[in-house]
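Below are two complexes that have chain A in common, paired first with chain B and then with chain C.
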Partner chain A sequence: MIPELGHILVIITFVISTMQCCYWLYNLRYTNIDVVRVLQKGSLINFLFIFLSFLILTYSFITSDFSLLIVSNNSHTLKPLIYKISGVWGNHEGSLLLWVLILSAFTFFVSLKDSINSKLLASIIGVQTVILSLFLAFILFTSNPFERVDELPLDGRGLNPLLQDPGLALHPPMLYIGYVGLSVSFSFAVAALVTGEISKDWARQMRPWIAIAWSALTIGIALGSWWAYYELGWGGWWFWDPVENASFMPWLIATALLHCVRILEKKLIFINWTILLSILAFSFSLLGTFIVRSGLLTSVHAFASDPSRGVFILIILGISIGVPLILYSIKSSSFNEEKGNFDIVSKESAILVNNLFLTTATLTVLIGTLYPLFLDAINGNKVSIGPAYYNATFAPIMTPVVFLMAIAPFLNWKKYTDKNFIKKLIFLSAVTLLGGTLLYLIEEKSIFALISGSLSIWLFTGVITDLISKIREAKVKLQNIKQLFFFISKINIGIHVAHIGVAIFLAGVTGEQFYKSEYNVIKKVGDIINIGTKSLKFDKIENIDGPNYNSLMATFTLYENNKFISKLRPEKRFYTNEKSQTTEAAILSDFWGDTYLVLGEGDKKTGWSLRIYSNPLVSWIWAGAFFMAVGGILSVTQKSSRFRNV
Partner chain B sequence: MTRKYKIIIIFSFLFFFSNELEIFAKSINDELDINNKTREISQNIRCLVCQNQSIDESNSELAKDLKILIREKLIAGISNEEIYGYLRERYGDYILLKPPLNLNTILLWFLPFIVLIFGSILIFKIIKSNQK
Partner chain C sequence: MKHNLKILNVLPLTVFFFIVLSSGIVLYQLKIDKRIEKSLASQLIGKNIPETLIPKENFIEKINNLENLNFEKYHDQIFAVNFFASWCAPCRIEAPIIDELSKILPVIGIAYKDKYLDTKKFLDDFGNPYIETGIDKSGKIAIEWGVYGVPETFLINKKGKIIYRHAGPLLYSIFKDEVLPYLESSKND
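Entry: the complex of A and B
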């Protein structure tokens, strides 16, 4: 009875949201505050109902109600509680309901923004609600999470063991907040096209939403990468897998948008470009959501695919991307732009160049992801595109982005006035040259290692230099906490934090890509493996029972210079119920890098094959992403328009 | 035995067996070299039965067989290019994770840079036209 209630709630929400769409379109010409009030109430109801229905689904998972198809297919009574809950979105239907829940939440929160002019606000809510209705229809007609089974099974089939991990509890929700959050800027853009209302205020109101979505997306992608790193046991953190690319493309476009919208906050220029980016960012999110679902591309995320839903997916993509783009082609020329009046060396120019490189980088990833598909469709030839392709295309395109990221914040809006600009550049070059030489002397690696490492130093120095000069300009003495906060409120600290994040990230990438070492050995219990100053002693190997798996666990002791460091326990887990196996690498992380140990095949007689990686600075990759996300959130709290030069 | 004798014995030993030692050292070096080369090639070869993995990462039977095959060919002194060519002939372009440049992939390799060049021209024009 309870699951039916959940189903009915989804149906009611579908009806209400569809009515809301009609109401919005009917009143499009005569929008006033009363229309907005009605739409606001609708959004609240939608949000509450979907929330209730999501709670009901979660309840069914917690109580292991196997009369529900997705519960019996994806859960098991023996599963730990946390994985029963995260199992709700560990499958196609449940994850779509989560998607819709987040969408309705965003719709509700943006609808409360009375400070947006009511004509625009009505259309923003309207567009959000159209997307909501489309997805609710998709759920109801093709992917009903509340479908019952004909015959009650004795127990569930369990969840894919790879997904039984704390990483899964967080990775999809964060990613979805990112994906869905971009719907708000999309709706801002479409609403602007529909109403013709665009102003600096439009840009100001929109930017926090982009920043929130962008930060969540950053965290979501980083969590996915971290999870792949420790769970898949290959020692890598990014594989240029189609699904990774699918989440990376909206991120890149959103990054471009986040920068571009700041120009529009100052002056009504590049309106069309900003609108186009807003539409594209969410379009890539939709593409990302559906690439995982459609089974079009082979990837490690193929657990969720079902080609039969393809047609419906195409319809949704067609409406939500096609209609705005058609509108764009009709309406975009009607906006009146101001004249830019900025110097060649100015913040405006720098942001345009940033946008050029970021969109080209997105295009590269898009080509790399979809090319095999198109080639196959055109002449039946099959190609594979691996990391080597992206190293040769994506990396050189992003290099100038990082290069400019260090110096662009020095520039002022409109005018080239900073007399210290050249001085700063010389200082930056000197520090980078010094750092690069040091890097070269420590350990000589390829030229790419040198470029990548030097870029990180370059950026790091750039951000610090900028921060110091901002402190000087602000003319505040930083002697106590109060003054520090006053200063932080005066500059846009989010930019610095996010850019430092990129520098940290790049340092991590340099360490992981160019300075990592790998050892493959076959050892028996009692053997000692020597790696540089470290040594690993193989203590024992034994069978251990987990809650829903049997584990073969080896124990090693790690010594450095004959001093005890830590125990390492790599595992191979056999999930009896799901009949599959996972490798649990033993990872010892510290500030300077990871020791990563994987237990392979073997037996007592011949010994066990072991893979040992030494990954310098690898955790900086995710630390960097974390800083970027924090920077994004901090930038929300700042109203950049209050101060001219920040 | 005094220390002097010990040194003489070691040196004469080294003298008589220096050739053998050299060969032994060389064989270890070769072995490492072959291992590295095998891994390098393996990273660029797709595992055909897996989901988007290279044979280096994969534990499947096919991947193991291919790794052994590559190793044997390297020991036989066959060059990297010839090994790639051999695998490509047998399994098609699909097996190469770094797609070769040919008519099929010309857009793949050049489109990003073409867009970058045209984009640069466009951006330059926009910046110019917005000057005071």
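Entry: the complex of A and C
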């Protein structure tokens, strides 16, 4: 009975949201505050109803109601509670309901923004609701999460063991907040095209939403990569897998948008470009959903793929991207831009160059992702495009971005006036040269190691230099909390934190890419393995029972310079219910890097095959991503109403 | 407001149109491919094993000194040939079931377009159920066998004829409901 209630709630929400769309379109020409009020109420109801139905689905998973198809396919009574809950979105139907829940939440929160002019606000809510009803239709007609089974199974089939992991439990929700959050800026852009209303305030109101979505997307991608690193046991953190790329492309575009919109906050120029980026960012999110959900790709991600769903998503994609692009072709030439001259050495130019490179980078990723698919469709040739392609294309394109990132914050808006600019540049170059030489002396690796290491130093120094000069300029007394907030917003701390994040990330990448070492050995119990200054002692190997798996666990002791550091316990887990096996690497992380130990095949007589990686600075990769996300959130506090040249 | 079309403003729409069109073609192909897969299965069944040449340096276990993967010695028993690859995610999922299968009959592994060390790593990590494992570096053997993609599993009867083919990961349910009964029924062939 309770699941049917959830189903009915989804149906009612679909009806209400469709009616809301009609109401919006009908009143398009005569929008006033009353129309907005109606749409606001509608958004609240949509949000509450979907939230309730999501709770119902979660309840069914917690109570292991195997009469529901997706529960019996994806859950099991023996599963720990957290994975019962994460099982809700560990499958196609449930993850779509989560998608829709987040969309309705964003719609509701943006609808509360009465400070946006009512004509624009009505259209923003309207566009959001159109997307909502399209996805509700998709759920109801192709992927109903509340479908019952005919024969009641005794127990569920379980969740793919690879997906039973705390990092992965949070990965989809964060990613979806990012994807769906970009729908808000998309709606801003479409609303501007529909109403023809665009102003600096439009840009100001839009930026926090982009920042929130961008931060969530950053965290989501980082969690996915972290999971790949320690669960899959391949010893890598990014594989340029099409599904990873699908989440990376909206991130790149959103990054471009986040910078570009700041120009528009100051002066009404680049209106078309900002609108196009807003549309593209969400389009790439939809494309990401499409790629993962349609079965175009088979991998761990495609847990429920079905071409007929793909066709439906293609239709949704056609409407929600095609229509705005048609509007864009017709209307974008009608916006009046202000006359805006700016020097070649100015913030505007730097941001434009940043946008140029970021969009080009997105394009290279897009080509690398879609080309194998299309080639396969055209003549059946299977090609795989791997890191070699991206190292040759993506990395060189991003190099100038990072290079500029260090110096662009020094620049002023519009005019080149800063006398200290050259001084700062010389200081930066000196520090980088010193750091680069040091890097070269410590361990001589390839030229690329040197470049990316130096870039990281360059960026780090740049951000710190800029931060110090901003703090000096700010001259705020820090006596109470209010002043602290004022101070934070004045020095644009978000930008610094995010850029420091990039520097940390780049340092991590450099360490992991160029300075890692790998050992393959076969050892028996009692043996000692020497790795540089560290040594590993093979203590024992035994069978251990987990909640829903049996495990073969080896125990090692790690010593550094003969001093005890830690125990390492790599495992091979055998999930009895799913009849599948996972490799649990033992990882010892510290500030300077990871020791990564994987247990292979073997037996008592011949010994066990072991794979040991030493990955310097690898945790910096995710620390960097975390800093970026925090920076994104902090940038929301940054006031943009000041027209000072900061 | 003036409404005039500019070429540059129509460009995003045009690009998008082409992407949608080609995605549609890909999806359509996917549906057709399913049909091809079925017809392929019926074509191969009942035929002799195709010629399978693997240079001996491409063998993981060097049991075999012949240049040809020697099927002769499996004559008079049913055996299986499993195409896999270390880079293939579904093969990882399938590994424990292939292991079950290897307890019933000999399984020969052919690593499709794989490297020696990668294959060895894969077998270390996920278990080596194969009586012998050869690498199909160029992918030619897979073409001879009409392999649609990895993983793929073939059953061969005592007379050296292909009697069963499964494309895609051999899931436990398929193993239990299709393969085992099939083996039971074709014991006397």
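Note that in this section the second predicted complex is superposed on the first by the 624 of 646 C-alpha atoms of A that agree within 3 Å, B and C clash if a C-alpha of one lies under 4 Å from a C-alpha of the other, contacts with A are read in each partner's own complex, and residues count from 1 in each chain.
What we mean here is this: contacts are C-beta pairs under 8 Å (C-beta built on N, C-alpha and C of every residue); 3 or more make two chains touch, one makes a residue touch a chain.
All values reported here derive from a predicted model rather than from experimental measurement.
Novice: Based on the superposition on chain A, does the combination of chain B and chain C result in a clash or a fit?
Specialist: Result for chain B and chain C: clash.
Novice: Output check: A:T437 vs chain B and chain C. Expected answer is one of first, second, both, neither. What do you get?
Specialist: neither
Novice: Once chain A of both complexes is superposed, is A:G318 in touch with chain B (first), chain C (second), both, or neither?
Specialist: In the superposition, A:G318 touches chain C alone.
Novice: Considering only the touch criterion stated at the top, classify A:S446 as touching first (chain B), second (chain C), both, or neither.
Specialist: neither
Novice: State whether A:I330 touches chain B only (first), chain C only (second), both chains, or neither.
Specialist: second
Novice: Can A:L373 be said to touch chain B (first), chain C (second), both, or neither?
Specialist: Only chain C; A:L373 stays clear of chain B.
Novice: With both complexes superposed on chain A, which partner does A:S589 reach: first (chain B), second (chain C), both or neither?
Specialist: neither
Novice: Regarding the shared-chain residue A:G196, is it in contact with chain B (first), chain C (second), both, or neither?
Specialist: Only chain C is touched by A:G196; chain B is not.
Novice: Go through the superposed model and pick first if A:T606 touches only chain B, second if only chain C, both, or neither.
Specialist: neither
Novice: Could you give the residue numbers on chain A that contact chain B in one complex and chain C in the other?
Specialist: 298-300, 382, 384, 600-601
Novice: Of all residues in chain B, which touch chain A in the complex?
Specialist: Listed in rising order, the residues of chain B that touch chain A are 44, 46, 51-52, 54, 57, 59, 92-99, 104-105, 107-109, 111-113, 115-116, 119-120, 123, 126-132.
Novice: Tell me, which parts of chain A touch chain C in their complex?
Specialist: Touching chain C from chain A are residues 160, 196, 233, 272, 276, 279-280, 283, 290, 294-296, 298-300, 307, 310-311, 314, 317-318, 321-322, 325-326, 328-334, 370, 373-374, 376-377, 382, 384, 520, 574, 578-581, 583, 598, 600-601, 609, 611.
Novice: Flag every residue of chain C that touches chain A in the complex, lowest number first.
Specialist: Within the complex, chain C contacts chain A at residues 1-6, 9-10, 12-13, 16-17, 19-20, 22-27, 29-31, 87, 89-90, 93, 95-97, 100, 121, 123-128, 149, 172.
Novice: Taking the touch rule as given, give the residues of chain A at its contact with chain B in the complex, in rising order.
Specialist: It comes out as residues 234, 236, 239, 241-242, 269, 298-300, 302, 339-344, 348-349, 352-353, 356-357, 359-360, 363-364, 367-368, 371, 375, 379, 381-389, 392-393, 397, 600-601.
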